[in-house]
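In what follows, structures are represented as structure tokens.
Here come two complexes built around chain A, the first alongside chain B, the second alongside chain C.
Coming up: the complex of A and B.
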């Protein structure tokens, strides 16, 4: 597979002189069959099957067609609806934080400072750790009574809250950990984006008397827009389908207060409501598409207009 | 070139063939091989102690006693995660030759008539007590052999605290709350232990109250299955209301939201807490980790409002089943393995390693004479006829979200009536999924 990809540009180059003809594939049709079969069996068939099963009451042994009842259920039950709204809070909150923190860290780590390489790897390091491992570790650290965080706070005389046990805090504590874990990727993308801005702009601005704030706000921010687009899209998609970290830290609890669509779907599946769970997956698919596609188009159009 | 193409084609075919062979090898794993003399079968049980050790001892003892059969133990997680795995394994025909699983409503969800082997012709079948027989049967067949003892969902309490404060075992709710207040005032321990770090432990106020509900309304379970009784109405609402009342009175240990079951057992055994509404199988954990304190732990039924309605809610043991994918020599071996579990040797393992948490559900095994106080106290309720089965053994309906809802009630997130209404809605999904009439 990798050799195929690697060979491709050179094959395209060879075709270049005869560009006006309708594009003809450089490979015989049968070459696509194995990949096509895998795509069909592992992706296309399950996708359409899930659309059907989301309209049924399904026991794995038999399926009874019930129309849109699963979707009605999904939006009428407060416990399921809670997961739906939490998903948006979690997705937008983590995405926004990663953009802001990622950009600031990116600017900081492209400036002239000692141990820059070391600091860059420190910021990126959490990305390399397994999410479940991070979740379990932070669950220990955030324990309200013998967790390190609250014990440290107690030393300076602050009574720490129940990070994961206080119903109004749990979701935000998880979001905090998610940002800590994911900001490294955002920073990396921003570092690349900032490094690509020609130094001449900054020099010219400096000659014109612009201060550091102006250089940041008028040059860096507008010119890293492609990086911002990437960070927003990646972190928003990641945030909307978040599951592993939440499951490792609270399992959606206490009660349902930190449930998101992902954990709701998983719980319905565990309970054996396979049809309802599949309907949840369809909802998640539609929601992610409905949010991400317009944002993607909007960002890209703004970029072209410039 | 053409030569090269041909070899490539051949390798694709070979690759595909290798895939298929690999899959075939996988599936024959589940069925168990067995060439000639020895038959190999697998036994699937759950991880977690002391169950896993007991299962291993049973397998070892059986293998030592039978030269022609080799049993291998597999373990998997229990709880809702395990339910999921069970259904998936049965649906795909990958189930082990013998497996250990809940009786009652969870068994019904496995669709036993379609998936399990009928065991009514087995010699041990007549030794089961009537309640046990019902919960491993459907209208069309009898499927399981009990493994372990009955247990009660009740209040386990620390006896030294009761002695120190001169308290008496309460039989109605008001005196129970009075005891809690006395313990709170004395400041020596948390009156009620709650451990929502393990969410399942939060359900006992509701589930352990069911025998009291049934005492007030004997048809409740049957009418509930027919969709004529609801948790939002008394007497069933009382379990939720009790939990709310206990939370509001401030009787819980301060780390109730994050504490785990093991913490709860520690508090109970060492006297950091006085009352722990839990399953009496906790006595096994006390025996394992706090053996010196085993005489300090006692048990009483969750009190009803009126002492006359107070009954002990009883859970029947899990059982061993054979899926109908087990056939031929493996089936014979599987039946012998199950019979062995109810033999003298099997009973010894159940008593010594699994540890009894109540009377046995079969006449094949008997309790030892030197049982700890918890067991004799549970036995006393049985002898007095003051027991009733838990709802999950009388009705196939159990909503999956009860433990989250009871965590919310016990944490003050949601009022009792509200949680009860949501639970009624939650069980609707389960009833519809099971295809029951009237839902």
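Coming up: the complex of A and C.
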């Protein structure tokens, strides 16, 4: 049946303009409605409602308008403010690491290499594993006394740090695990981007005497730009919104040194401060939008200019 | 020539060694701990278990708290299947009309789709909406939430793929007398099969692994999901690491199976969808 249908149009090309009108109505607007209703009720309404409820003291049943008090509290209490700054540290650190490591792994895994298929699978697999499972596993591996990592370090005579118990280190340890879990997807995107670069460019450069370093900086890096855009945006969106890995590993601790906005929202929700929790949500919304939208516009403009 | 081949194998071998240390040891740790007795597991080391207790631990973790994990697996399966089905049908309809028809609404729809991707969902207001319509702490509520949060990603994939299907097919079907519904469900949707499979696999893994959603919108022990069960298990049984890791091991199996069978679709979905985003 498909072949029959597929053969028809070539004969009708000449009369096409006349048929435009009936064809247009074959794509009915009501196809938007099912998705639109879900989106409106469960996403758009809560998002707009959050703008109002963030200005209230709220018990779900009644909301008392208190102006900007929630935001004032959010930015004056050190433990809430810490979550705010940590969000940036975590987001930028994980995003930058994924770009660098993903690009290097991408180049490495597109080169002529033994066991390439195995290496690609093994780098990618953690992406598919439950974040909570990964979090708990690494919490055990990073145990300061019995953990496998520190026991292995002890074998070579190094006293490993308290990865998750040292207040100045906890956030970075979690970021490390986040990169471990997420670098596979960055690698994958870079592999797709590198595979799309015509091989002739490299050959021409080689003829002109460019060494591997030059070929990497002058050809690969500029030409994988779309992949870089994607990796940066995806990992920033994910990193700034991070919650489950942090919650599984430290619950924001020790103290509140590894809190991010995502975990502050949950803590305030648990404590029953729904207005404050929603204010955290609005702050997160502003942070993500204010960072991701300009970056995406900037990247897209550069792409058009080229 | 031969030295280059040798070099290639050496580099490959070195990379395999590094990958074992970095990526396989954590999984080996999960598996070994899941096979140990409680006292051995509490040492948290990489040794082989003196007795392989995989089956015993499996039975025990299943029976914990009145077969909680079994119910969790049933719930997570239902949640995944229904929400992904909803997502696919709704998103395909939107992506199709969005690509086929140019109207002045398109820019608005595109912005809304991107907003769905970027804007973090407002948690407590969503609970408030769910409570107002009587769906808070219910499976249908959770299903609708997962379907809604996944829409944007699916729409982008579908829109990109619909553009590769020639319009002439639509026109031919219309001339043959197909209405819009028949045109979509009998002509276009079957042609979308490759991307439908991609969307199903990627989103199934996402929904199955989602922790934050059930944590907020499906609390309580009436309708446990696997991720929530694992999390609660961790806070309750501080001494039985073997059972905890058996639990982790069990919920790692479904994504692993997905990966083995749908490797190509997962890879194409994650890269193509991402590149369009």
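As a working rule, the second predicted complex is superposed on the first by the 275 of 306 C-alpha atoms of A that agree within 3 Å, B and C clash if a C-alpha of one lies under 4 Å from a C-alpha of the other, contacts with A are read in each partner's own complex, and residues count from 1 in each chain.
The rule we apply is simple: a residue touches a chain if its C-beta (ideal position, glycine included) is under 8 Å from a C-beta of that chain, and two chains touch if they have at least 3 such contacts.
Since we're looking at a predicted model, the values are computed, not measured.
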Three-chain arrangement built on chain A, chain B and chain C clash or fit: fit
First, second, both or neither for A:136, with chain B first and chain C second: second
Touched partner set for A:255, first chain B, second chain C, both or neither: first
Contacts of A:59 with chain B and chain C, given as first, second, both or neither: first
Chain B versus chain C as contact partner of A:34, first or second or both or neither: both
First (chain B), second (chain C), both or neither touched by A:50: second
Which of chain B and chain C A:126 touches, first, second, both or neither: second
Residue contacts with chain A in the superposition, chain B compared against chain C: C
Smallest distance from any CA atom of chain C to any CA atom of chain B, in Å, after fitting: 5
Footprint overlap on chain A, where chain B in one structure and chain C in the other make contact: 34, 60, 143, 269
Chain A-touching residues of chain C, taken from the complex the two chains share: 8-9, 11-13, 15-16, 19, 22-26, 29-30, 33, 43-46, 89-91, 93-94, 96-97, 100-101, 103, 105, 109, 112, 116-131, 133, 144-145, 147-149, 151, 155, 166, 168-176, 179-180, 183-184, 187, 205, 208-209, 211-212, 215-216, 226-227, 230-231, 234, 241, 244-245, 248, 251-252, 255-256, 258-259, 263, 266-267, 270-271, 274-275, 277
Residues of chain A that touch chain B when the two form their complex: 34, 57, 59-61, 64, 73, 77-79, 143-145, 162, 164-167, 251-257, 267-273, 276
Touch list for chain A against partner chain C, complex: 5-6, 8-10, 12, 16, 19, 22-29, 31-32, 34-36, 38-39, 41-47, 49-50, 53, 58, 60, 108, 112-116, 118-119, 121-134, 136-138, 140-141, 143, 146-148, 151, 180, 185, 188-189, 191-192, 226-227, 230, 233-234, 237, 241, 243-244, 248, 262, 265-266, 269, 274, 277-278, 281-282, 284-285, 288-289, 292-293
Complex interface listing, chain B residues touching chain A: 12, 80-81, 83-84, 87-88, 91, 109, 111, 114, 196, 199, 254-255, 257-258, 400-401, 404-405, 407-408, 411, 413-414, 422, 425-426, 429-430, 432-433, 435
